[in-house]
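Structure provided below as structure tokens; questions to follow.
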Amino acid sequence: QDAETNPTLKPATELTIAVASNFRHTLIALLKDYRQSPVLKDKVISASSGQLFSQIQNGAPFDIFFSADRQRPDRLEQLGLTDPHSRRTYAVGQLALWINPNFKHQLNKEQQALSNLSLLKSLTAENLPKSTVLALANVKAAPYGYAAKTLLENLQIWQLWQPLVVQAGNVAQVYQYVESGNVSLALLSLAQLKLAQVPESEYETVPAELYTAIDQQLVILQAAKNQIAAQAFVDYLKTPKAHSIISRSGYNLPYSDSSGKALH
Amino acid sequence: MEDTTYFLLSLQNWQALWLSIKLASVSTFLLILLGTPLAWWLHNSKHKSTTVIEAIIALPLVLPPTVMGFYLLLAFAPDTWLGFSWLNLTGEPLAFSFSGLVLGSLIYSLPFVVQPLQTAFSGIDQHYLESASTLGISPRARFFSIVMPLSRYGFLTAATLGFAHTLGEFGIVLMIGGSIPGETLVSSIAIFQHVETLEYTEAHTLSAILIVGSFSMLLFIYGLNKKYRYRTL
Amino acid sequence: MEDTTYFLLSLQNWQALWLSIKLASVSTFLLILLGTPLAWWLHNSKHKSTTVIEAIIALPLVLPPTVMGFYLLLAFAPDTWLGFSWLNLTGEPLAFSFSGLVLGSLIYSLPFVVQPLQTAFSGIDQHYLESASTLGISPRARFFSIVMPLSRYGFLTAATLGFAHTLGEFGIVLMIGGSIPGETLVSSIAIFQHVETLEYTEAHTLSAILIVGSFSMLLFIYGLNKKYRYRTL
Amino acid sequence: MSLYIKFNIEKSAANSDKNSGNKHESFFFSGEASIPSQGITGVYGASGVGKTTLLRLIAGLDRHQNTIVNFNQESWQNSQAFLPAHHRHAALIFQHRSLLPHLSVNKNLDFSAALGAKKSPEHLIQQLPDKTTLCQWFGIAELLPLAINKLSAGQSQRVSIVRALLSKPKVLLLDEPLANLDAESKVTILNYLHKISLEYDLPMLYVSHSLDEITQIADHLLLISRESDSNVSKSIIEAFASLDDASCNLNSAFAALPEASAILKCKIKQHDHKHGLSKLCLGETSLYLQKMALAEGTEIKLRVPARDVSINLEHTCTSSILNILPATIVEIKQLSDAKVIIKLKIGQQFLLSTITLKSLLALKLNVGQAVYAQIKSIALPAHNFISHHFE
Amino acid sequence: MSLYIKFNIEKSAANSDKNSGNKHESFFFSGEASIPSQGITGVYGASGVGKTTLLRLIAGLDRHQNTIVNFNQESWQNSQAFLPAHHRHAALIFQHRSLLPHLSVNKNLDFSAALGAKKSPEHLIQQLPDKTTLCQWFGIAELLPLAINKLSAGQSQRVSIVRALLSKPKVLLLDEPLANLDAESKVTILNYLHKISLEYDLPMLYVSHSLDEITQIADHLLLISRESDSNVSKSIIEAFASLDDASCNLNSAFAALPEASAILKCKIKQHDHKHGLSKLCLGETSLYLQKMALAEGTEIKLRVPARDVSINLEHTCTSSILNILPATIVEIKQLSDAKVIIKLKIGQQFLLSTITLKSLLALKLNVGQAVYAQIKSIALPAHNFISHHFE
């Protein structure tokens, strides 16, 4: 059932896939692997999960929706807009803490020696340099933002940091904050840091148990033009090949499907 | 998929650029076509009720574009009269289509066209028109032969603002267009996507092409305008 | 935090609304303050080089706002001369501050102010100014007492477009503001958040308030303008 | 065939500065008149009396209530209907510049031809002279390529007239069209206007502050004057008369004006090249005038201002006054405490003379008395004739 | 104390319609003149000859190369420097409307006072009459609350003059300011302008197409005429003369104009109420004029047009002509093949008379001969005097 070895199974129909911005690259890598020949022109549409949700709700002609969270696919399912039982987690987002090297220089030697996460914990209202800024994705609208907020809450430093937080519209924009050099610290997706080839010394992956899991779910949509082709691609995502691409990109692999059962 | 580049840009980006230009051109054309009579009517009408219309035209500006797009999306749905009649008339849904994009741009850019035109119209000396009317020139001919040339600066402003704004418009287009490559994925969305997915080179290249292109166009138009401003046609 | 609603909206949304109005007012004020001399200079200058400036002013329009915001953010960083000098002067970074928002709005809305003003200026009969100058009226006094009142419709257009566009502007503000409640989280971002998180009631309420408020304001301004259009000051 | 107007206008001062002045400063203007739609009607009145208001009303630019305007068989305005300006073809030449600033002189002239006239050819009773001819007549041929803002005031007035003529109007409304022209151009243009009105049967309303101009060109006269009763003052159309009649009627308002003139029809008999004079025959007698550039035998209408005619009881040969015509006093009327006007009969025609009361008493002039009318040749400028031939 | 100008202007036809016409249609205008900065200087010339161009150059509205403008001690323009218009205080009254349309008449009048004059009080040699007085003089008192677009053409001209006067200018440049005014208002305003120029020592340049107007009001004259050599035609400032001198000099260009006039200084001796006349004494002899509203004993300057003066060898009592003055022929000059002008001496003063060549020959007039000059009282309108008293 490996698509690569069994080309006859590969349905010859192009797909229109809506994907949350943060997973766009990985999806394209997956598609490239899935389609060995470049004949087919699949369409990849990326926007924030919220926007894609609104569009689907209003009849957007998508086949598959890769959301960055589980709420929206769930909601679509409730609305009866999805192929029943198609909803499943395709990747689990990993949160990483990035610290601006310039910011580090402002701190004392002791602090500089600490790992990013410990450093975060060590910072208090007293020793915080002036105009420290922590960038998160939108804590209400973006799953990574929400996860980041739960992390700070779990570490019981939300009260301290809340006034210093700047929120980007989505997690992709958090990286733009990082890139622009205007923020001191940032909680964003590991996938982006990897993609951007940020030196590993600048960030640290946050252990998954410290924040609410970022289950990224997909659904095949009711309106899909070619359910079979969509299903075939979704099935491909369960292959080890696909798994390796996903995890290489900086995501954890899903350990459970929509019903919560372990896959492996 | 986005690998091969032809002259700096990938095929999809060239496509997006072409779509942007098409969208901006069609929208600007329609904006001028609709905005001109509207502005002229608003300018001439002394009735109070037109104030309401003037205010309504400017309203779409105050909402964030994505939200505006969201509301438009609701209005385009096949169960609304707009979406329904469009579907019936054309057989195509309005949402996620090029036509939908055009309609959205029209609504959103209308104030940029109507208001400069009204400003320009208000600068025209009434006597030119009165004089022409006694020469037997009909109102329509007066409009084309006097009002339009005398307010050409206003038309230029309206067209540039309308065109540029449609080129750069992103929130509404993203929402109601659904960024379908080759159909509704315009260059502003392409740039946005590139930046979001850290493809900075592509983003910068596309931005640069857009800027250089627009700059040359503006330079040409303004240059022409300056040249003819102090000059008889 | 957002539980308690005071008169339809949560405290944070009221705050966002207030911030929006503040941002739009400050920006419009500065836009008129900067745009007026700029437009006047562009209007009067017969030199070719000004065409370049005219074109540059319109350029920010062609980029998608978020991308424009990203580029601005790059320019605001403390290691650029702009960010650095601002930090030195004010002690505050430019990014994620209200001042930054204002600066961003200025750049983005400048064409909406400069172009209608230029249109209005080009409608003024030169003879009024010449006549006044022989009466001993200085250029500055001529500008304030003749050019400004005679182009008041252009100022009105510039101010409304500038104000409304800043109110609704979202991409840049989202990017360079960082949505800090009470500081840079303006109503357009609040509405966006509500829509994204499916809090439609809040989104609709805030939109409605924004629309009704703007509509009343526009109605008032346009009504006043209409009333005085055919009238001596 | 006539232009009939009846109106009662009030322009309120409402839209003006509120701080200063009372509210009773409205402008009232009413009247009724029927103007023959042949020839030129002079419209005379002081500044601000309502001349422009009247022309705008006729042209259809302002829509006043309770107004009736009929042109020949057509109803242009009545209580029910209002024919818009562009259907009236009543070309109005404004007092201020109204040429299109974005077009050259040439294109301004072509403007109406290109856009207007072609749609309504049925009303073209007459074919006016073509553009080239008109440009020559009005001395604007060299101005054609110029931009409008390059023209001098007098030049743009002339261009406006030609533009209006090229629109093939049914009636021409001229609002002080020659105000900015020098005497010489004025004469030329007045003559051409008269020629056009006559030969091409184009009626004109000619507003002017100069009765000299009006008496030179007009066949009819519309006097607008201001009348004050109680505390409102009101403009009214006071008199309407054929100018030829007016000049013979000492009771017309026209005779009281300093510009009162008589019109004499004469024929050019002979040119006296040696003395640079033309000899005209006026019935039995002759008149000498500065030489005219017209063929011998041409009939002309000569305007003789009453103030240039003096009376002598005898025929003296010691005076430098060349023209001494035997005449009979027909009528005497006192105009003011100093001035009397005397109507003299010369052959079948009439001449007017204003003299002082003192002279009248000194010479003991009476109706029926035979006297000599003295006219200085020099006082009659070469341009004081009106037309080349009669209707 | 004078206004000195020297310039050489070429306005190219470059910016116009390319299709039609040759490129040699440029407008050339050059000249040099020094005008006394006292009294009124009339500027006369045909339409399009460059009068407006000249005023704009003096006001500082156009910056032509190779131009020198000096006013009294100040250099307004030379090869190095150019004083901007608002520092010159040379108030220009345009031919077309230039009142601010967004302000009422009242605010238009206050406009310059509020914004301009206060900054430069040092140049105010004279204190002009105040606003109320000026409004009365120029008949615009009731117009104050009106909006500018409500004014008639003549009304806005008068408002413009008052507005210019209220700006307390150093010199007043009037570009046909009375073109749209009726004869009566014209006289009033001319008189007030003259009064202002005299009593308040405000120099004026008065452009007009009407030499009648100019001879009535002006002390000096600037003639602009067009000269054609080869195929370019060029405007030049042809003559500059004191009008009083010009009127006595048969060789000045002025004497050749149909409006040539002599200026007589007389004193009102007595009013003859019965006949509605005023008796003026002119040296030994007397003159009758229509009654003037001036006190007996007032000295006036009387303008007597040459064309209204005829010559008689005898003193006849049979003529209606009231004024028959003994005179001596001083000079005779032929103006055209029909016209001669004769300079007559009456007491210490001079009178001009234009008669036909034929009469000259018939009467055999010679220099030195004693004759009688006949002037019709009626021909001298009541407003033909120039000033109430002399400098």
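Order of writing sets the chain letters: A, B, C, D and E. Residues in each chain are counted from 1.
Following the convention adopted for this analysis, a residue touches a chain if its C-beta (ideal position, glycine included) is under 8 Å from a C-beta of that chain, and two chains touch if they have at least 3 such contacts.
Just so it is clear, the structure is predicted and the values come from calculations on it, not from any experiment.
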Checklist entry - Can you list every chain in contact with both subunit A and subunit C? => result B
Checklist entry - Measuring centre to centre with C-alpha atoms, which chain is farthest from subunit E? => result A
Checklist entry - What whole-number Å value describes the gap between the mean CA coordinates of subunit C and subunit D? => result 59
Checklist entry - Between subunit A and subunit E, what's the gap in Å when you average each chain's C-alpha atoms? => result 90
Item to check | Rounded Å distance between subunit D and subunit E, as computed from the means of their C-alpha atoms | outcome: 26
Checklist entry - Counting in whole Å, what is the centre-to-centre distance of subunit B and subunit D, each centre being its mean C-alpha position? => result 56
Item to check | For subunit E, residues contacting two or more additional chains | outcome: 15-17, 96-97, 104, 107, 147
Checklist entry - Residues of subunit A touching 2+ other chains? => result 51, 54, 173, 176, 179
Checklist entry - Tell me, which residues of subunit C touch at least two other chains? => result 66, 70, 192, 195, 230-232
Checklist outcome for this item: Residue set of subunit D touching subunit B in the complex reads 59-61, 84-92, 94, 96-98, 100-104, 107, 111-112, 115-117, 119-120, 147-148, 163-164, 167-169, 173
Checklist outcome for this item: The subunit C residues in contact with subunit B across the complex are 46, 48, 50-52, 54-56, 58-68, 70-71, 111-112, 115-116, 118-120, 122-125, 151, 153-154, 157, 160-161, 164-165, 167-171, 188-189, 191-192, 195, 203, 207, 210-211, 214-215, 218-219, 222-223, 226, 229-230
Next on the checklist: Show me the residue ranges of subunit B that touch subunit A in the complex, using the header's touch definition.
Outcome noted: 1-3, 66, 70, 73-74, 76-78, 93, 95-96, 174-175, 178-181, 185, 193, 195-198, 200
Item to check | Interfacial residue positions of subunit E with respect to subunit D in the complex | outcome: 11, 13, 15-17, 19-21, 25, 45-49, 51-52, 95-97, 104, 106-107, 142, 144-147, 150-155, 158, 175-176, 179-186, 209-211, 258, 272-273, 275-277, 288, 290-291, 307-308, 310-314, 316-322, 336-339, 353-363, 365, 374, 376-379, 381
Checklist outcome for this item: Per the touch rule, the subunit B residues reaching subunit D in their complex are 127-128, 130-139, 141-142, 145-146, 149-150, 231-233
